[in-house]
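Note that the chains are named A, B, C and D in the order they appear, and that numbering of residues resets to 1 at the start of each chain.
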Amino acid sequence: MYFTSDNWAGVHPAISENLARHSSGMASAYGTSALDKQVEQRFNEIFEREVAVYFVGTGTAANSLALAAVNRPGGVAFCHREAHVVKDECGAPEYFTGGSRLQTVDGPSGKMKPGELRRELKSFRPDFIHAGQPMAVTITQATEVGTIYQPEEISTIAGICKEKGIPLHMDGARFANALVTLGVSPAEMTWKQGVDVLSFGGTKNGCWCAEALVFFNPEKAKDLPYIRKRAAQLFSKTRFIAAQFDAYLKDDLWLDLAKAANDKATRMAAAIQQSKHCRLAWSVESNELFPIMPETEADRWRAAGVMFHQWPVPGDLTDKVEEHEVVARLVTNFSTTDEEVEEFSKMVLAGA
Amino acid sequence: MYFTSDNWAGVHPAISENLARHSSGMASAYGTSALDKQVEQRFNEIFEREVAVYFVGTGTAANSLALAAVNRPGGVAFCHREAHVVKDECGAPEYFTGGSRLQTVDGPSGKMKPGELRRELKSFRPDFIHAGQPMAVTITQATEVGTIYQPEEISTIAGICKEKGIPLHMDGARFANALVTLGVSPAEMTWKQGVDVLSFGGTKNGCWCAEALVFFNPEKAKDLPYIRKRAAQLFSKTRFIAAQFDAYLKDDLWLDLAKAANDKATRMAAAIQQSKHCRLAWSVESNELFPIMPETEADRWRAAGVMFHQWPVPGDLTDKVEEHEVVARLVTNFSTTDEEVEEFSKMVLAGA
Amino acid sequence: MYFTSDNWAGVHPAISENLARHSSGMASAYGTSALDKQVEQRFNEIFEREVAVYFVGTGTAANSLALAAVNRPGGVAFCHREAHVVKDECGAPEYFTGGSRLQTVDGPSGKMKPGELRRELKSFRPDFIHAGQPMAVTITQATEVGTIYQPEEISTIAGICKEKGIPLHMDGARFANALVTLGVSPAEMTWKQGVDVLSFGGTKNGCWCAEALVFFNPEKAKDLPYIRKRAAQLFSKTRFIAAQFDAYLKDDLWLDLAKAANDKATRMAAAIQQSKHCRLAWSVESNELFPIMPETEADRWRAAGVMFHQWPVPGDLTDKVEEHEVVARLVTNFSTTDEEVEEFSKMVLAGA
Amino acid sequence: MYFTSDNWAGVHPAISENLARHSSGMASAYGTSALDKQVEQRFNEIFEREVAVYFVGTGTAANSLALAAVNRPGGVAFCHREAHVVKDECGAPEYFTGGSRLQTVDGPSGKMKPGELRRELKSFRPDFIHAGQPMAVTITQATEVGTIYQPEEISTIAGICKEKGIPLHMDGARFANALVTLGVSPAEMTWKQGVDVLSFGGTKNGCWCAEALVFFNPEKAKDLPYIRKRAAQLFSKTRFIAAQFDAYLKDDLWLDLAKAANDKATRMAAAIQQSKHCRLAWSVESNELFPIMPETEADRWRAAGVMFHQWPVPGDLTDKVEEHEVVARLVTNFSTTDEEVEEFSKMVLAGA
């Protein structure tokens, strides 16, 4: 039972087949082929407006180039204390921005608290250049702990950004998982709430490596071709990304895959909630589960063949996790089977 | 007749099939899967020694990270005047090294002249820090104009590097094409001549996006995991690169593909040499041809359906290219057909 | 009564006169003059060992280049939550290191708590490159809130650094002020406790702009000439810094100036402690005072002509500062007069 | 006889005295004092328009921050082949711009040839991002070989910049020396010809370390406070730079000092022109002389006590300098005496 990460999965057959279908013949390179253009057009449809789209190879690249694109001298970007950009990207955002800083903001359940954001922003006054200047806010949807910002929560944060004249970036490494939970349109989850730039992830949801940087105001993306090329993210045979997105976005495949993953997580959560030996750290809103349990219980799970990451205990859980308890992270994916869910559930309840 | 670039081609069926074969099932991420390890081991065999291998997504990434890995404060890397690193990577090497400089070195036929390298190095004296300090020499094999360094030429340049205490990097975007022309082993073309770091390219020769950074002294590569991750080049589902290399390096496929491309170029060169209306700028030693011809002849080729790049006239050709003449670049690839070669040859000779 | 900052003061007459004395005649440039060499030698004497010294123009430069000199890819430097490097240098350390990160560490009284440092360091494991890698710890002596690390506290932190194989840097913008309080030798406050690199500040204590970067192991500073020049910190007429340090370090002037400033602060602290309307946030151990008082009292001080900064309330004071109270920062300097201290004390007690 | 460099000189007494005059008393820090403001105002008068002025510590800082301020992703700045920015700043411009490139342009007498600039710019087309994008042209006035751009030459280059939509920067490390030769106003030598940004140097002409970054369109300089602070170039006691400029710009002192230096160079040139053993590489138009002579003659000069730099033979002199000949560089300064000039002239002619 592999629940280590959704990036341990392979790719969906429809995507693999489309890649094979486009593997022969000649096509112009560096993002100029007919397929590239057609998939870019597809993003316009999905977001119900003209957007500027740039394919890149990793989520770290998408996030880092998004911040590089809106960077300012002495720039400071604000993210949640547990965000992937600050915890898991080995300093890539700082590296690509030439040293701009990520300032963490507190908030429960992996979500930035608007009041805390306001408080942090107060330290940066135009007459006090020593602190640097705010240049962006970045939120993660779904968050690093699998929770989801409601549209109005996004809108509130976007409002603060507008006040301060800085753009709002959304790290959508698990964009589809959030979308199907909310049941809103891509437009409603992004620009209609005030999101300016989006990292649109496909890799964790059934692609090989397909990430897109989406600017809702194409005017603001004029330097992106240079920013992407300079960062070694302009692939020559770009149709290999375009072909993945082509299949991914066809006939709602992307939404179906995310629904499948989320559904499995929901069912696994139900088992956890019935157990006396573990409890959920946060509500399960996408495809991640964070059970808290005694180390002995975690050992039992491992012995039963469950693979998962042990999670560092974040600040807002310090009081809720007892000594000798651990926090586990389990992630489902598009290919998780009903059998795995059942086997997991039985295993959990067998301990009760 | 597509001769615009070898990166306009797709992928070889054996590679595409291997990718499909590895697309299902779970595998540990970020370069730790069994397949990753197995392909890394394959590099040891190919190079007849233990090497450190890092897969990345683009040739620009491989070159830039190679230089970042050997960088020094105020660093200066030396490359040929027409090298890809300085002409076609949008400043990526400078960006990834935090501002180290590429100093161009002259030399005919796309190859760095050892005397010119020595001359340039003389400007950099330990007691004159204002100039910066040399940190690497980088050569391209095959070169940007399709020529090839003989092993003893590489050895001569490596000797200069050793004297100065700086490493020698080889940009092997077309490594296989050079190798089959020389008919030597990978080891003989690299570390046995004194090459320290290699960008091993697969993309132009039949892969989707498969590039590897190879360090012949693994001790020197200890920080590479951080260098690669920080540069957003650590893919999560790395098996998609490993699977490409797995098929590429199996049963000499890579050498067969390169041989096929080179052979086509050789045959096309023969037609050009028979024509009275065009002549070759440099000898054809791999899969690139650079015919010089009157603009009217170039127009005739285009009208006949030949697709190619018009090439900026480099310094050493200034006296050899008349006004109203142009330099064209034609590139063959693994999938170029006999029919295309024949059609091209007929077209060329029809003008004679 | 100017207590805004010690950098509002001018320079001590002895330093000004020495500058004038060295203003005529020719001297070799870029740090190679006899005076430069002589002052460098003086640093060896002061620190009782051979050190490598590099003069720079600002404290921000000294700190940033210290970190740049010990930087590693994906590097993370640890500093106190309120440290100058992270709060007041506009991202210079991150900029000069090409994007390395400053990770803040908690601790009361402006001092890094060893246990907290250990806790933060735990997140960085060699097998988890996503977090980056520790590359330095930096402490401030005297701290940003005017307190002082005892030698054994420095030694404890240095011990943690040694365990992790990372260097310990000391930001000594107010080095002399700390030294005279402790009554130890420069060696005892630095390398004898395990400090590897020091920013030795003169500007705040009576110079115009005289800062030195001191490496206790000169072997580790070999690239510094390039690091400093590349950062635009190699002055041509370096004797203008050397002449300042020459006078500053002569006949213990630097210690006398620091003693004078500290003494004034101690006397002002006594007045504050007698007042019923204000109290000290932290003990006064160098030349800074942080009284907490009602806004109305602060207004009274201002009306009486006292100039000071209002200080953002740091985390460890949150519970100690009531609503409607503010934290003020007052800084004495080498030129603060007895009259000012008496006027201030009277003013404070007049409110009682 | 010290002719090694004008930065071997000290400071003019009027400047030294003004520094002493401003050394006592309190003044607000970080560029906000009354003296700072007054000197900034003086720049408006000198340039006959409102300008944005930023004091920095070195010429390298001024040039590098000027380029950082106008930087673009994948940016390429064009400078003369022998320019200080590319030859003598240890990569600082590339470092401060995060890896933008300096592309050298040929031209005789140390001056960029407009035709060559146009030719280089042609390689950069909006549809070919691989080459990067032009972001500035930078010229040096007086040039690195002591020659001077005529106003109409500046205007021609500025015209090319306007066509391409990129700013023109002038490195004015020897601004005053050029100005007095041309006999035009500061405005006529800069913005009236189309210069956008100026590095205004005082150090080589009688200051300790006084350099200013001048933006003729203050709107374009909005981020400069952050750019300067982040680069560690915001001094706390900025009045030490302001006081230097205050005296330097008072009663035309700066012009008088430059005239004195230039006059000495002119007289020394006359001696060289009368000698049979040496000749001038370029016409002497400011305070630098470049005699070409046999090595034996150079040895004779050295033996006679003349201190100078031997200069690397630049490309346009290759045919003019015989084997066994060397190029010397002699620089006069504000404090060069009549006696030195006479002694030098006699020495030169004694060899004839």
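Keep in mind that, in the parts below, a residue touches a chain if its C-beta (ideal position, glycine included) is under 8 Å from a C-beta of that chain, and two chains touch if they have at least 3 such contacts.
Since the model is a prediction, treat every value here as computed from it, not as a measurement.
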Chain pair, B-C or C-D, that carries the greater number of C-beta contacts: C-D
Farthest chain (mean CA position) relative to subunit C: B
Centre-of-Cα separation between subunit D and subunit B, whole angstrom: 41
Whole-Å gap separating subunit B and subunit C, where each centre is the average of the chain's CA atoms: 50
Centre-to-centre distance between subunit D and subunit C (centres being mean Cα positions), rounded to whole Å: 35
For subunit D, residues that touch 2 or more chains besides their own: 74, 89-91, 95-96, 98-99, 129-130, 132, 226, 229-230, 234
List of subunit A residues in touch with subunit B within their complex: 2, 4-5, 7-11, 13, 16-17, 19-20, 22-30, 56-61, 64, 89-92, 95-96, 203-204, 208-209, 226, 229-237, 239-240, 335
Complex contact set, residues of subunit C against subunit B: 68, 72-74, 98-99, 129-130, 132-133, 223, 225-227, 229-230, 234
Contact footprint of subunit A on subunit C as seen in their complex: 74-76, 87-91, 94-102, 123, 129-132, 312
